[in-house]
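One structure below.
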């Protein structure tokens, strides 16, 4: 029984069904945000939501039940706890939790709305088996410390830049640069080269600072790209490098690096 | 006869003629879009269009006729079908189809206008023989799965970001963030760092989300660049690596990794 | 005594304390910039500032005192001067100087405000021990000359572009393009692809120049990224390349390039 | 005499003088663009211009005179013609030509103003001896064909995108999207992610097209960066690879690639 259920979860047809259910859920969340559609088809949206949650709940319960097959070395309970604590176990839970929560807790409507968003996380269930995604995640993991430092340095730059800008522009534009926090909004739009154009310096010194910030922004774009590039180059190389090297004198084979 | 036509299609003078005809076509489409020019020189534009279509039709028919020379291993009919189904065969057809379609079908003027755009695809006929273009396409092909995953992840980010933003800003700016679809327009302008500035958050929490989205956008810029970079590095290396290094004195072969 | 103090400065608990004091300082500077908070909690901010300066001053004095342990080869005075002239010695001084300056010199309130910003530099004290930061700084140092040339070329481009734009747009938009300096503001926003949208060309020739500038901007983004990428690739390779591969049977050494 | 002049041109002091003269010229051109400064110090600017042209003219004449030392293998006349046709010979000429032209030709004031801009090219005389600049130029030269193809493809994308956008938005915004040329301005601001925000689509289909264009723009940013990155990696590698490889059997040295 357990085996058959486990097999069924991994069949192509069931994966496809879950895939399309997730996609439909995402589309329904988007459509529901249109006031006119919400008014007219509200019941339909709710019905589909109930149906989805029922399916996802059953899937979740079955996955807990069959967990011992995926984690064979331990006893049943431990295997199930392992699944519950794994990344997909948590996503599976988060995907259904927002629906059940209002039954247990009395929640502010505001918080509830935000909670319902978590349903969107269901989309992450799609990426489960992609090799390319794994490669990307590995590269990001390897370059984690360099990337975090880059973002930390960027954050310090943002801080310095927005504090200076606050002092330069506060008097001329007391609205747009009312505080360092306000200036931070400008700084982030500049450093990331988004440049909405809702706030920008008008004093000459402020403009010079903005120019310098934008140029530093170029460097800030270049650094993570360079880090990630080199990690990909390294990854491809190390994937290939299991090649052996034979000593030309005695024929002894040496594992090459 | 077939051979002579085939030879003629590959002469420098004919290629040049087609090249300039395509360029003139593109220029004429652009000029035609100016209302004043369309009014004054409408007949000229139409005349040139008829001339171009006649030339391209003859070229298309001749290319079908001489296809057996390009695909020698099969019989005439199969060779011609092969050409019709090849990339260039389809482009050649699409380049002339929009002109003939209204004679066969009764079409809405709106659809017709869009169809006439397909004429622009003629420009792709220019790239037929570029080695550099082939290198680029090969690199893009090799990195296809990584690039698609990156864009899929970017799409999920866009979705999450725009849904959150919709909940944050909907009340304050019911016009700009009327639905998740509207918020998506903001999200794409932010993640790609375009930043038109027609919509942007005004609430503090919305601004924080926008900042995070812009910073993630930097990562989103870095990933495809890193992937493509490493593929180019790999390509150059593998082009060189077929070299073996033989000792000219004793004939000992050293694998030159 | 000296040894014990030196040991204490390097304990985890003291580092953590300084770390949180710096973070609190940064947060307090940001909060202080909000007019309402400054009005209400002005005394608190001042009190915290005095407390911080006292701590940082004591730390600074102690670090001068224990410098001979960090620079053992020279005599005490020289060791202390060495510390004073080191990067961290200067940061430590700058972090407290703005507080004491008004006692010694009579300063314009304007200058004072800017000086107080230097306090933000305290945040650089955090990065003291990061290996990843050192890697990034080394890469930036190695590519220094290429990067500076890139920025020099970018500067020349900005100059040419803004001068041309000034001649093209000055008559039509005498406000926005009042001088080459004004046009430079536009040029930098375009070349770095920030694009605030407060100034943009309106004449056809100006728009063509803007398009060319934006396309050159792409190249300007690509160059530093390429330079930094290759330096990272090189760095990883050279870190690995010290490995020599010795045949364990006959002792023959093969240079493992 | 010729030798002494040639030596003098290459002295540090003369290079420094020319360097600062060029920098002063650039600054003076920028300052001259401010209407108020032009009014007050017009004579000063003119005097400085005359002085600069005299110096640059003498330098140009002397460089022609001493050319045989730089190109020793040919006779004097050929050596001088060689210098005149070299990159720096042309820049040296262009730097002084605009001053003399009005004496020979009667020129429209408009054209004259543009011509005077050529003076800015003097700044290129500064880069004469930079090794890093040469590295960058070599890399750009090697990747020339890939980069031009990338820009060609980008151009085709711009064309398709702006033509489609023209058809989508022309009716709703007849001002901003009056022709394909107008739409091209939007397309270039989007593909390069500048995003001024003066024109943007308002129809749903137009917004989708804009989003797709912006996403393609990311790819367009990634391609040249990847190409340049790999060329830099290759360059560093080939600079190092003159290392020889010794056959371990007979000791014969083989040039390694």
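Structural remarks
Order as written gives the chain letters A, B, C and D; numbering starts at 1 within each chain.
In this section, a residue touches a chain if its C-beta (ideal position, glycine included) is under 8 Å from a C-beta of that chain, and two chains touch if they have at least 3 such contacts.
Source: prediction; values computed, not measured.
Residue numbering at the subunit B/subunit D interface overlaps only partly, since under half of the positions present are found in both copies. Of the two chain pairs examined here, A-D and C-D, the one linked by more C-beta pairs in contact is C-D. Of the chain pairs listed in A-D, A-B or B-C, the one whose interface repeats that of A-C (more than half of its contact pairs identical by residue number) is A-B. Of all chains, the one whose mean C-alpha position sits at the greatest distance from that of subunit A is D. Note on chain placement: the centre of subunit C and the centre of subunit D lie 29 Å apart, centres being C-alpha means.
Between subunit A and subunit D the centroid-to-centroid distance comes to 41 Å (mean Cα coordinates, whole Å). The set of subunit B residues touching two or more other chains comprises 181, 193-197, 221, 225-227, 229, 233, 252, 254. Of all the residues in subunit B, the ones that touch subunit A in their complex are 145-146, 148-150, 152-153, 156, 159-160, 163-164, 166-167, 178-181, 190, 193-197, 200, 204, 207, 210-211, 214-215, 217-219, 221-223, 225-227, 229-230, 233-234, 252, 254, 257.
By the touch criterion given at the top, residues 193-197, 225-226, 229, 233 of subunit C touch subunit B in their complex.
Looking at the complex, you find that subunit B touches subunit D at residues 26, 29-30, 33-35, 113-114, 117, 120, 123-124, 127, 130-133, 135-136, 139, 147, 151, 154, 181, 184-185, 188-189, 192-198, 220-221, 224-225, 227-229, 231-233, 235-236, 240, 243, 245, 247-250, 252, 254, 256.
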